[in-house]
Every structure is written in structure tokens, then in C-alpha cells.
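The structures considered in this document are given below.
Note that chain A is present in both complexes that follow, paired respectively with chain B and with chain C.
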Partner chain A sequence: MILSVKNLCIAIDGKPAVRDLTFSVAAGEVLGVVGESGCGKSMVNMALMGLLPDGVSASAERMEACGIDLLRARSRDWRALRGGNMAMIFQNPMSALNPCLTIERQLTESVLHTHGGMSRASARAEALRLLDRVGIAHASARLKSYPHELSGGMAQRIMIAMAVASAPQLLIADEPTTALDVTVQAQILQLLEEIRQDTGMAMMMVSHDIGVIEQCAHRVQVMYSGQIVESGNVGEVIASPRHPYTRGLVAAQPGRNGQRPKSRLTTIDGSVIPITEEVEGCRFRSRCSRTDHHCVQPPTMQRTEANSHRESRCHW
Partner chain B sequence: MLRTIGLRRLLEVATTLLGVSLLAFFLIRVAPGDPVLLLIGERGSDPEQYREMAAHLGLEQPLIAQYLQFVANALQGNLGVSVVSQQSVIEELLARWPATIELGVSALLIACVLGIPAGVIAAVYRNSVADFLIMTVSIFGYSIPVFWWGLVLILCFSIGLDITPVAGRIDILYDIAPITGFMLVDTLAPQVVQEYGFSAFGSALAHLALPALTMATIPLAVFARTTRSSMLEVLSEDYVRTARAKGLSEFWVIWRHAFRNALIPIITVGGVLFVTTVITGAILTETIFAWPGVGRYIVNSVYARDYPVIQASILLIGIFVVLVNGLIECVYRAINPAVGRDSAN
Partner chain C sequence: MQTSITAVHRLMPGGWGNIGFFALVTMVLLGFLAPLLLDLSPYRIGAELLVPPSWNPLSAPILGTDDLGRDMFARLVYGARCSLGIGFVVVAVSLVVGVGLGLLAGVYGGWLDAVIMRLVDLLMCLPSILLAIVIVAVLGSGLVNAVVAVTIIGIPRFVRVVRSVAIQEMQKTYVMAAFASGSSRFRVLWSEVLPNCVPPVIVQAALGFSDAILEIAALGFLGLGAKPPVAEWGAMLADARPFIESHPLLVVMPGVCILITVLSFNLVGDALRDRLDPKLARL
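Then we have the complex of A and B:
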């Protein structure tokens, strides 16, 4: 396993937010994480990268990535891991690039971090190769550009180039296409898939868009309010969702399976409860259409079929 | 596009300077006090003698005519003659300007070198003891009255410890020919070093120390506070997170990625401080330390109602402010290339 997490809990100012997350990613695998904004997806990413902001703390029974115990990692280990075997790309590529530095400075910085004693000239050559790899035309001219001179899609390609500079074993993609046009979105997903096939890296693709996850992930886990509520093979989960929340997500997709979009889109009633709020029983209960007396008990993840890896946090 | 920006700027500058000239000319004439009386003595003055003096100074003409004359002369580079010394105003001012600039720049350098790192430290270790100490000291620094602070420094270092001189720019032992007008530079000229060694430079430095420190206190506090708030804002930006996610060390993250972006507000404040330090700071500090600069000259001219000197000084200060602002804008563009684009839109 490239990434193995057991009972990860994240607390904001001491209040539990993410609760007992257990999951793993195998080499070369793409794990999709889907859930509404504010369900704790990004916080999980930050915990995995050791970048949680002040006041947010993580604890776990086990958290290992690329053979390193993240629970014991010191700041030096973190730095080696971040620019090495683990890399991350972000939601808004325009603000994720430093407006004051040229693409060359930002890209060679990543290259030099990976290859310590490399000369400026060969770092530049490597940067050109990376730009070419992520499909940027006129790479040498682009090196001199500043971020404000780029389009969103181009900026995300450059973020990807920076991330894969160290040939990571695991790439965490935090909503990489959310801020982009739909056409660009497809190109970026395709690029990530190409790179993954070339390098065999594993990926954790986080999105609130189940369509994106369906396109690129092998397995999916659905998060709701700080918990995993369903997990399994992507095709199976989307074809026959078990948890009422997953059903809602899938049903809310317009024009699924080539159907004509309905005139009114399906929604999930109610709104997400704040992630730090304590709830008795199932956290989805207040929005669920199928509640009964079982739902006041905190639900656990249960196998849904005898001989598959699918699990759901619902008794139905 | 660039040309239209240039043209617009030029128009702005012209209007600014026109406004400054109006203020400079009329404000001093509205103020109580009469230069003629100050010159010939208030008591027992002969009306005939008064008229003669007024005519000699050009004060008997209508105000509008006087103003137009002033502007016409100023446009030709003639700012008139000092009522008191009968010397050309421009020569008197230019001779004093280097002393003021030397003091102001030194003060601002001290403020930058101490204040900016202090602000960065306060931001990076926010809510720590260091942050609390830096912010407390800076509040004091900001609130200290300059004239009192200057006197305290004199009491401590000049009278108590006897390590710094009290007044002037250099010991009278040294005869330094002005080359640049900046004492620190002129005392390093080959012929000076040949004659006195580096003792002249040392003397100039010792004379500069206290007034520069006095003047630096307020800007230092402002720099520390501005840097802190600007850094705090930048440190929460996405690109700082990116830099950390690249595995860069915290040192690089702070100085290369965060600090550079935090510089814009710091430079804006720095520009304002430069102007206020050099001008208003000079007036107080130069008076306390008998520093022969523009500030003290203006104060003395106001006492004497030396109209031409006051007008010319204010006009020159106006030009100075405009120049500094232009310079700051150039620096912005050099630091953050996105700035030029924004202001052009």
C-alpha cells in the first residue's frame, strides 16, 4: 500500500471534525473521494501532507505513506516526503502560483528540490521537459511568463508539472478541475491519467463532482460530514448506490446515462450540518427520507455484499 | 497604452504642483505677521520707509499679480531671493538639501533594517512572546513624542555616557569641502582620508547617530506593524501552501514566497514614511540637534516671514513628494508584474 490510514480523526480547535477515517491507496490506483463542500475532504488532504493550519490537529491509529510513518515524521521528514514521494495539486491553480515569480523560478525550484546539486542550466532543461510533458506549447517562452499571463488550464498544467517533477508515488489532487471550464476539465483529467499510466503513480482524486470521480477513479469513497459513508468500486457504487446520501448524489447528476436532462434537477433536501456539530446517531439522519428507529444508533461501516469490497454506513 | 499612462501622469503632476504653488503662496500670506515689519522693526517705523521696503520686496502689488509673477519666475527656475539673507533661495535650499536627505535616508535605513525583520518574526511566530514584545515596543515607539525622545537620547548618550556629540554634522576640527554634500560620502574622499584618516568619517557617523535614531523610531514602529499584518495576510495565501507542499524549507517559504508578496504594502508605507520622515521629521529633529538641513531652515524662515523661502521650500517639497511617488510605482512594477497590468485596466 502506498497510503494506509486507520482511524484518522481531525479536530478543529479541539472539536472533532473528521471522524475515524480508515482507507488505503494501492500503488498505481486512483482513489476518488467525493462529498459536498465542508465535509472534510480537503482537511484530510492537508493532514496527509502535514499542512494542517494552526488550531487544526490530526490523530490516528495508523497513518503511513510511501513507507514512512506520518505520525512520527519530523519537519525534515515531511519536507523530504512532500517534494519527493508525495505531491499535491490544488483547486485554484491561479492563486496557487506565486504572482511575483516567473514560471521558470517556480518550476526549477521543484526540480532543484528533487535533484539537489543540479546546475541551473540542467534544471532549466528539466523544467522544459516537464512543460512539454504536460502539453504546454512554446515551453521556453512560457518559462518567462508570470502567472497572471496564463489561462486557468495552463496554470493547472504547470501545477501538475511542478507536482510530477519529483516523480511522486502518490499524487493528491484536491479538486483539480473545479475552477476550470468543462472542456479544459476533461483535458486536465486526461493528462493526469496519461501521466499516471506512464509513471505508475497512485492518485487520490478529491472532488465534489461524482462525474469527475467516475471518469478517472478505480475506487470511490463517499464522505459526508466528516465520515466515510460508502466505499467500493466506482462503477458498482454509481450503478447501485447503497447509502441514501450516495443515492442522492448520483440522482442529483443531470442527464445521467445519456438520459435527457429533466426539466427540474433532483436535489437532496436540507443542508449539510456543520462538521463539528455533535449528532446522536446517523449524521445524515436529518436529511434522510428513510429514517427509522435504527438511525438513532451511530451506524458503522458494513459490508453490503458477501464477496465484494463494498461498504456502507447504513443499515438499509 | 503606455504613452497615454505617461501623459495622464504628467497631467496629474502638473495639477498637483499647481495646487501646491497656490497653497504655498496664499497660506503664508493669510498667516498673521508682516515681513516688512519684522525687517524694519515694529516700533517707530516711518510709513515712508515701510512703503519703500514693501515696494522693494514686491509686496505692494495686488496678490494676484504677485502670484502670477511668482509662477512665471518659478517656471524659469527662479524662486526669488531670501528677504533675510539676500541670497538666491534655490542656492540656499540646494546647499541644505543633502544634509536633510542624508539624515532622512539614514533614519529610514535603520527603520527598515530593524523594523521589517521584526515584523516578519512577529507574523511568523504570531501570538508568541516575541510577537507580543515586538508589538508592545512598537506601540511605544509610535507614541513617543519626537522632541522628548531626542532629548532623552542626548541625555543618555551625549551627557550620560559621553559617546556622541550633541549637535551639528561634524567636529569643527575638520574642514571638509562639500563634493556631494553628503557628509558620510565627502569624508571618504581621497584627499580627506589622506589628511585626517578615517577619523573624519567617524566623527560624521557619530554626529549622525542620534538624530537618525530619533527620526527612525516612528518609522521603525510603522514598518514593524505593517510588515506583520501584510505577512499574516500573505502567509494564508494559496501559493504559500503550494510552496510548503513542494517541500521547501520554512525559510524559503517565508522569504522567497511570502515576503516578496508582502512587500507591496510595506513599500507604500515606506514611501509615505520617507516623505514624512524627511520633511516633518526633519523639522523637529533638525531643530533639536542643530542639524543644518532644510527643516531647520524652513522653521527659521517661518519665524522671519521670509515669504520667498517658504514658498520655494513648499514647492520643492511638493516636487519631492511627486518624485518619490513615481519611484514607488516603478518599484511596484518591478516586484509584482501583475501590478502594471491592473493599473492600466
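Then we have the complex of A and C:
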């Protein structure tokens, strides 16, 4: 396993926010994480990178990445891990690049960080190769550009180039396509998939769009208000969702299940409860259409079929 | 040709700043080239005292002589050299120290931030000229000690500006991205935050120049800075004080020089701020 997490809890100012997350990612695998805004997806990423802001703390029974115990990692280990085996790309590529520096400076810096003793000239050559790899035309001209001269798609390609500069074993992609328009989104997902096949890196793809996850992930876990509510193989989960929340997410996609175009979209009533709020029983209860007396008990993850890997946090 | 024109254009602050810019260029040329081209002797004591200005560039004392018969034009030119040189040293040193402390405070935060900022508050809660007098009183008077004093009181402005920029930048995604790619905190300070501090620091440097010149002149006037016979505008003002009624030009001329220089730096500084400060940027 490249990444293995058991009972990860994250607290904001002492109040529990993310509750008992258990998941793992195998080499070369793409794990999709889906959930609406504020369900704790990004916080999990930050915890995995050791970048939680002040006042937010993580605890877990086990948290291992690339053979390193993250719970015991010191700042030196973290730095080696971050620039080496683990990399991350962000939601808004335009703000993830330093506006004052050229692409060349930023990209060669990433390259030099990975290959310590490399000369400037060979770092530049490596930067050119990376730009070529992520499909940027006129790479040498682009090196001279500043971030504001790039389109969003190009900026995200450059972020990907910086991320894969160290040939990471695990790439965490935090909503990498959310800020991009749909055609560019497809190209970026395609690019990530190509790189994954070339290098065999594992990916954790976070998105609020179950359609994106369906396109690129092997397995999916659905998060709701700080918990995993359903997990399993992407195709199976989307074809026959078990948890009412997943069902709602799948149904809320436009144009699915032979819906007529421009018909009224299906929605999930209500809004997500604040992640730090304590709730008795099931956290989805207030929005669920099928509540009964079982729902007052806090639900646990259960296998949905005897010999499958699918699990759901619902008694139905 | 085209590129050199754009290069000059990029250097120009624009608007009123251009006037200040040209005044400063003239001042620098006068101060640093005139002594090489002309035979100027600011310390030679002439036979004729208090000669009125001839206002004629071809006849000897263009701006007259002072109470010891020294050539006023030569003294003013050397004074420009002195003021601009001192201004440059003061700004350069307080910029480096101030930017360094500001970055440390803004990027590392915590107790380091608290210590640095309380020290800065301490410096700022005293009127700057009073503080300079205290420092000079402790170190002893003289031009070098005056420069040290003015440098110290020039530091807080840089610390404050840089710290506030650094704190803002630390919240940005690209700083997070830099951390996520394994950069150390110092690396983030150096290659992510520092480049973003450059525009406001340039503005502060231009304004700091004018403050430094003014403070050095004030200390010179009070007899705590440059000592006679050094040709320094503030000291010249002080020397000419007894003659303010009989020969007012002796006071007016160094005063006007100080005024023009300080005003020019302020014009340039304000114009640069309009151009470089993203918060005031035109849409």
C-alpha cells in the first residue's frame, strides 16, 4: 500500500471535524474522494501532507505513506516526503503559482529541489522536458512567461509538471479541474491518466463532481460531513449506490438515467450540517428521505454484499 | 533604440514623479560630476567675504561666498554629494536590516514576530528626531554617528511594510504549494515571499531617502551631525544663521536645496506607489 490510513480524526480547535477515516491507496491506483464543499476533503489532504493550519490537529491509529509513518515524521522527514514521494496539485492553478516569478524560475526550483546537485542548465533542460511531457507547446517560450500570461488549463499543466518533477509515488489532486472549463477539464484528466500509466504513481483525486471521479478513478469513497459514508469500486457504486447520500449525488447529475435535457434537476433537500456539529445518530438523518428508528443509532460502515469490497454507512 | 526608450520609460515614475525624477537626476549629476569637471573648492577660504551672487555662470562666485569667503556654489554641490551619499547609505542599510527583520517576523511568526514587532513599536513610539538626538548623545556627535542614528530610525518603516506583505502572502495558495513541494520555511521566505515584497519596498525606499536627508540636515543644524567645515546642507544652514537678516540668501540656498531634494523624493515615491501598489492599482 502506498497510503494507508486507519481511524484518522481531525479536530478544529478541539472540536472533532473529520471522524474515523479509514482508507488506503495501492500503487498505481486512483482513489476518488467525492463530497460536497465543507465535508472535510481538503482537510484530509492537508493532514496527509502535514500542512494543517494552526489550531487544526490530526490523530490516527495508523497513517503511513510510501513506507513512512506520518504520525512520527519530523519536519525533515516531511520535507523529504513532500518534495519526493508525495506531491499535490491544487484547485485554482492561477493562485498556486507565484505571480512574481517566471515559470522557468518556479519549475527549475522544483527540479533542483528533487535533484540536489544539478546544474542550472540541466535543470532548465529538465524543465523543458517536463513542459513537453505535460503537453505545453513552445515550451522554451513558455518558460519566460509569468503566470498571468497563461490560461487556467496551461497553469494547471505547469502545476502538474512541477508536481511530477520528483516522480512521486503518490499524487494528491485537490479538485484539480474545478476551476477549469469542461473541455480543458477533460484534457487535464486525460493528461493525469497518461502520466499515471507512464510512471505507475498512485493518485488520490478529490472532487465534488462525481462525474469527474467516474472518469478517472478506480475506487471511490463518498464523504459526508466528515465521515466516509460509502466506498467501493467506482462503476458499482455509481451504478447502484447504497447510501441515500450517494444515491442523491448520482441522481443530481444532469442528463443521467435518460433524463430529458433541460428537465428540472434532482437535488438533495436541505444543506450539509456544519462539520464540527455533534449529531445524535446518523449525520445524514435530517436530509434523508428514508429515516426510521434505526437512524437514531450512530451507523457503522458495513459490507453491502458478503464477498465484495463495497461498504456503506447505512442500515438499508 | 526602441528598447532603450521603453527601458527609460519603465524607469520613469510618471506624472508629477517625472518632475521629481528629473530634479534628482540633475542633483546627482551636479553632485557627482561637477566636482570632476569644474575646479571647485568648498573649503578654500577666499579674501572677499560675503560676496553677493553674480548669477552669471561665467564670472567666478556664481552664488557668492559665505562669511569665510568660501564659494557657495562649491559648498552646495559638495553638500548635494554629501546628502545624497548619506541618504543612499542610510536607505541601503536600513532597507536590508528592515526587510530581513520584516520577513522573519511575517514568515516565522510566533515569538520571533512578537519580539521583533515590540522592538519596532519601541522605536516608533519616540519621535524620530528625538530618538536620533538620543542615539547621537549616546554615541557622541559627528557625521558617522548621525548616519548610524538615522539608519536605526529608518528601519521600522521597512519592517512594518514587509511584515504585512509577508503575512498576506503566507495565506496564498502558492505558498501552500511551495510547502507541499517540500520547501523549507526559509526557502519560502526567500523565493516566494521576498519577490512579492519588492514593489512596496521600492516605494518605502524612495520615501525613506527624503526622511533620511531631512533628518541628517536637522542633526547637522543642531550641531549633532556634520561638523564644520564639512559642506553639508544642515550644517551650512546653522553656520549662516547669524547672517539671516543681512545676507538671507546664505540661509535660503541650502534650505532650497533640501526642499527640492526632499520634495523630489516624495514626488517620485508617491508616483511609484501609485504605479506599484496593487491596492491602488487602476483597473
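Operating definition for what follows: the second predicted complex is superposed on the first by the 311 of 316 C-alpha atoms of A that agree within 3 Å, B and C clash if a C-alpha of one lies under 4 Å from a C-alpha of the other, contacts with A are read in each partner's own complex, and residues count from 1 in each chain.
In this text, a residue touches a chain if its C-beta (ideal position, glycine included) is under 8 Å from a C-beta of that chain, and two chains touch if they have at least 3 such contacts.
Source: prediction; values computed, not measured.
In the three-chain model built by superposing on chain A, chain B clashes with chain C.
Once the two complexes are overlaid on the shared chain, A:L101 sits against chain B and chain C alike.
Residue contacts after overlaying the shared chain place A:Q169 against neither chain B nor chain C.
When the shared chain is aligned, chain B and chain C each come close enough to touch A:M49. Contacts of A:M159 after superposition on the shared chain: both chain B and chain C are touched. Contacts of A:G84 after superposition: both chain B and chain C are touched.
Within the superposed three-chain model, A:T246 lies out of touch with both chain B and chain C [touch as defined at top]. Judged by the touch definition given at the top, the superposed model places A:E109 against both chain B and chain C.
Residues 49, 51, 79-84, 87-88, 90, 92, 95-101, 109-110, 113, 159, 162, 166 of chain A lie at the contact with chain B in one complex and at the contact with chain C in the other.
Listed in rising order, the residues of chain A touching chain C in the complex are 49, 51, 79-84, 87-88, 90-92, 95-101, 105, 109-110, 113, 159, 162-163, 166.
Listing the residues of chain C that touch chain A in their complex gives 172-174, 176-184, 191-192, 195-196, 198. Listed in rising order, the residues of chain B touching chain A in the complex are 236-239, 241-250, 256-257, 260-261, 335-338, 341.
Taken in their complex, chain A has these residues touching chain B: 49, 51, 53, 75, 78-84, 87-88, 90, 92, 95-101, 109-110, 113, 146-148, 159, 162, 166.
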